[in-house]
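The following pair of complexes shares a single chain, chain A, combined with chain B in the former and chain C in the latter.
So, the complex of A and B:
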């Protein structure tokens, strides 16, 4: 499966420019992480890719052909988990998945049982959704997206609300699934992307600031990450963005990213989070 | 297969929703309200009360459920999941089928819940078929229409409160009189004029089924149209429609359904499509004998198609014509002339469509002037319709169990001809039906050995007879020295015998004979009392015959002394017409504008009051008669046009005719009885007045001499100003 977005612009009726002239090409197998601050345009991009919105300008191609005329084909191969969604509380977990399976045109119980197993919901299959905790509801959301083993998975903040163990488990599941599928993962948790994504898109203010492998992004940040020890009341050096502060016996150990590190800072090995913050800090002007 | 799977899961989801259970529970309770709060059927036959009652309350509940379920997916934010895998219009359509299926299941449950109770109340007259049809034709389609309309309104507005408001407006439209009391505007509360216990219910069921098809098509079209309005791609209404029309089958389906509804509405066969005007005087000033054509004999052959409700007829007029001139015939607008020939040769004719008066449509032609006798044959066929001015009167019906052909429903007639004094009739009817022609039960049919019998008769009067056919029984008995033949539907046999109907009739006749004199029949003539279908309503009387609607003979009327008293009014009233009207004293002149109040009705209503006073006491008679008359007269006196007739003259003719007709009715049935009561008191009380009435009866009954208002005043030795009420009643 191949999706190409060409010079996409999305302006909402309110006048808000959600995406501005972006182009991106995605092909399976791939696990692409989409990173960006709130309101950057990540969700809009995902909605455009699932044909939930029509772009103001530009076009999207699915396997080389316009997406909208192939909407039904796209939906038959799509697993989608939105950031915010609702479930029918009166149904049991199994009944809800059966409902969604019917909507997807899936036959038989196997697809449901598989999704239940993957989402670790088998023991909750008969529980009414209204009685589930937030984390379990999120797992039901993931399970419905996985129904029918779709070729394209678009997951918006899938690990929100999950406990660390479940988060790691799902991360690994997504990674395994990406061996033969196209999987788009939007998240605020950079660690998730760093762990499993082989490609990362950084979206900010409607622009794609970076599109490449995480390692490449990290490499570009070499020399822009440093650590130093400061005392209480010391100002943050100009041009530096503090990534973390850790209290130590010697004082506060600060980790910063900056285009030009202060002289007293000791260079450090960049992480993806450092690289992301560094790239965001440079903004769209650096494109 | 996918569609079925969608339908299945939606059905299960709805079945697990508490809203569904609330709607279902309340819908099942609906008929409880229908027994008392809302009565769709205008007469109180048992089936009307216990079967036609409005389980329709459920229609509103299902509409609310439909809107809530349509809105729920957005309220619960489930749409973000479902829209990603399926088009929202497909899901909306499958949801609607699921709601409609549940609704059908609940209607079945409702039918089963009330079945034992209804069987018990209706008793031996209960018919499972009618009961089932009531749910299948009246209830279920109405619920479906309501569901479709509510869902359509929600999908168009996407706001539940706005959709609810618009739905309420649609309901108001159905209940209001704004668009007239018309079968076809009542989408949620279909008019069931009446059900019949003993005759047939084909008419109300046919009309209701037809109107259900109309509204199902329109509501289905509206629903299909609303699928175009399903918001998608986060676009507004117009943007969504612009995208939606690309699924070309949706607008095509919507257009086809709405067109089918409009086609059914405009092409309906039940009420004629002519002008709405009613000309009260029309029957009395038709151009009688205006042409030079003289008819020496007329023979009719009628062959009803009881399954289709249609009539095929053939009439042969033997005529001579002296001079030139146009001729015409008139008949029910539902009939069309298939052929018109003179001595076997086709002749040109023109049917004047759109110029109907009182529901009669004219066809004009010119017969050749001939002195030798020729024959004009008119072949016609069609579904008889009601007059638009009386759209709710079902006087004509052709069905397997009942045939009623009255006036123009029988076939063509012409008052332009100089008519013959008799006509012969040949009726080919299903074997189970026995005809009554002009209140005579026909005998000795010819068996055609194909499930039909041919009945022949001759009527000795001008014009068309009244033809009824049903599974009639007859009993004969003597009352007040007069032979009475009571003809009734076979199904009522048990009631007639169990409740002593013949004795009740005899009581009324004995009272009138004792107080006002003996009926003046010619020797050997019988008084025929005919029971008619409840569709007919009320009663009627004429020369040696009385007829009533069947509701008077129902178990509840006959067994409840209190209700029986009020039902007895019509019962007694029509018998009393044999003393005042019919073969008794004929009170004319009917068309006198000043004495419009003076007619057979005044003395008949007064005598009914006296009878009820004797049976149920003075208080009952005062409350149910005198007070009712006074209230109607007071209301008339307060009426603007009554007080200012100069403005009445400025109104369009049809409104004048309508107001005059209403005024005439009040004058005849209320003002004149009050004036007669005043006269009774002025002459010295009831005993003295009875003596005067007996004297009048002796002098005028069966003489053919008109008994005028002045005659009445003279007999009472009173002057006009003595009995006049406070205000002049002239209009």
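So, the complex of A and C:
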């Protein structure tokens, strides 16, 4: 499966420019992490890719042909988990998945049982959805996206609300699935992207600021991450963005990213989070 | 789609609101039968087609309100949050909308079955009247236009804004209990109670069940307009699926 977005612009009726002239090409197998602050345009990009929105300008191609006329073909191979969604509280977990499986045209119980097993929901299959905790509801959301082993998975903040153990488990599941599928993962949790994604897109203010391998993004940040010890009341050096502060016996150990590190900061090995903040800090002007 | 229909029906019927509304419909119908219909309308017998038509017409506002209330389930904010999932499936939005309308229509039919059952019990037990055939025509004149118009107007209102469904419910209350009267009464209550007064009495003392052209045209108009609104609502479902 191959999806290409060419010079895509999305302006909402309110006038808000959500995406501006972005182009991106994605093909399976791939696990692509989409990072960006709130309001960057990540969700809009995902909605456009599932034909849930029509772009103001530009076009999207699915396997080389226009997406909209192939909407059904796309949706028959799609597993989608939006950031915010509802479930039918009056149905049990199994019934809801059965309902979604029917909408996806899946027959038999195997697809449901498989999704229940992967999402670790088998013991909750008969529980009414209205009685589930937030984390379990999120797992129902993931389970419905996995129904029928779709070739394209678009997951918007899939690990929100999950405990750390579950998050790691799903991360690994997504990684395994991406061996033969195209998986797009939008998240605020940079660690998730660093752990499993072989490609990262950084979206900010409707632009794609970076598109490449996480290691490449990290490499570009070499020399822009430093640590130093400061005392209470010390101002943050100009041009520095503090990534973390740890209280130690010697004072506050600060980790910063900056285009130009202050002389007293000791260079540190960048992480993907550092690299992300560094790239976001440079903004679209550095494109 | 059978499975979807089964689940939609379950969601609509297997809840406290529907059971409560079923009770209200039943109680109100019994109140109409024993309060108004027992005396007959327009000096006709309580088991005349005129009286039976008036019975159905008087109970329809509550039944239509129930249908509109059930439609609010499909257009509530909570439902829209589920639509982000269902909208990403390859299901045909028009067929999906039709199936869901079918579930609402089934709920309407269950309510109608209750109304008919109560009336038959009333006629048999209180008036010792056992015939059904004279009631078929008034039922056909009252029920389908009410259902189709309610579904059509309700779907379109819901698609525009769920609040409009409540406005529509208020309008049903005003029209249903305020009364328009005449041939264009959407429920027909005013017509069945007044029109027989203008007809000569037949051999059995009741005027024959002959209807004015105006009334028949009005029923056809409600049916047609309701159908048109329904198609517009379904059309909106397709549009939403590609541009929301």
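In the analysis below, the second predicted complex is superposed on the first by the 287 of 287 C-alpha atoms of A that agree within 3 Å, B and C clash if a C-alpha of one lies under 4 Å from a C-alpha of the other, contacts with A are read in each partner's own complex, and residues count from 1 in each chain.
Convention: a contact is a pair of C-beta atoms (placed from the backbone, for glycine too) under 8 Å apart; a residue touches a chain by one contact, two chains touch by 3 or more.
This structure is a prediction, so every number in the text was calculated from the model and none was measured.
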| item | value |
| --- | --- |
| Joint occupancy of chain A by chain B and chain C, clash or fit | clash |
| Partner chain in contact with A:105 - chain B first, chain C second, else both or neither | both |
| Touched partner set for A:13, first chain B, second chain C, both or neither | first |
| Contacts of A:84 with chain B and chain C, given as first, second, both or neither | both |
| Partner chain in contact with A:264 - chain B first, chain C second, else both or neither | neither |
| Touching partner for A:52 - first (chain B), second (chain C), both, neither | both |
| Clash with chain C, by chain B stretch, listed 290-298, 542-550, 578-586 or 650-658 | 542-550 |
| Shared contact residues on chain A - chain B and chain C | 50-54, 71-72, 75, 78, 80, 82, 84-88, 90-91, 95, 98-100, 102-105, 141, 144 |
| Residues on chain B engaged by chain A in the complex (per definition of touch) | 1-2, 5-6, 8-10, 12-13, 16-18, 75-78, 80-87, 91, 233-236, 243 |
| For the chain A and chain B complex, residues of the former touching the latter | 12-13, 47, 50-54, 71-72, 75, 78, 80, 82, 84-91, 95, 98-100, 102-105, 107, 141, 144 |
| Chain A residues touching chain C - in the complex, by the definition given at the top | 50-54, 68, 71-73, 75-76, 78, 80, 82, 84-88, 90-91, 95, 98-100, 102-105, 141, 144 |
| Chain C residues touching chain A - in the complex, by the definition given at the top | 1, 3-4, 7, 10-11, 14-15, 78-82, 84-91, 96, 242-244 |
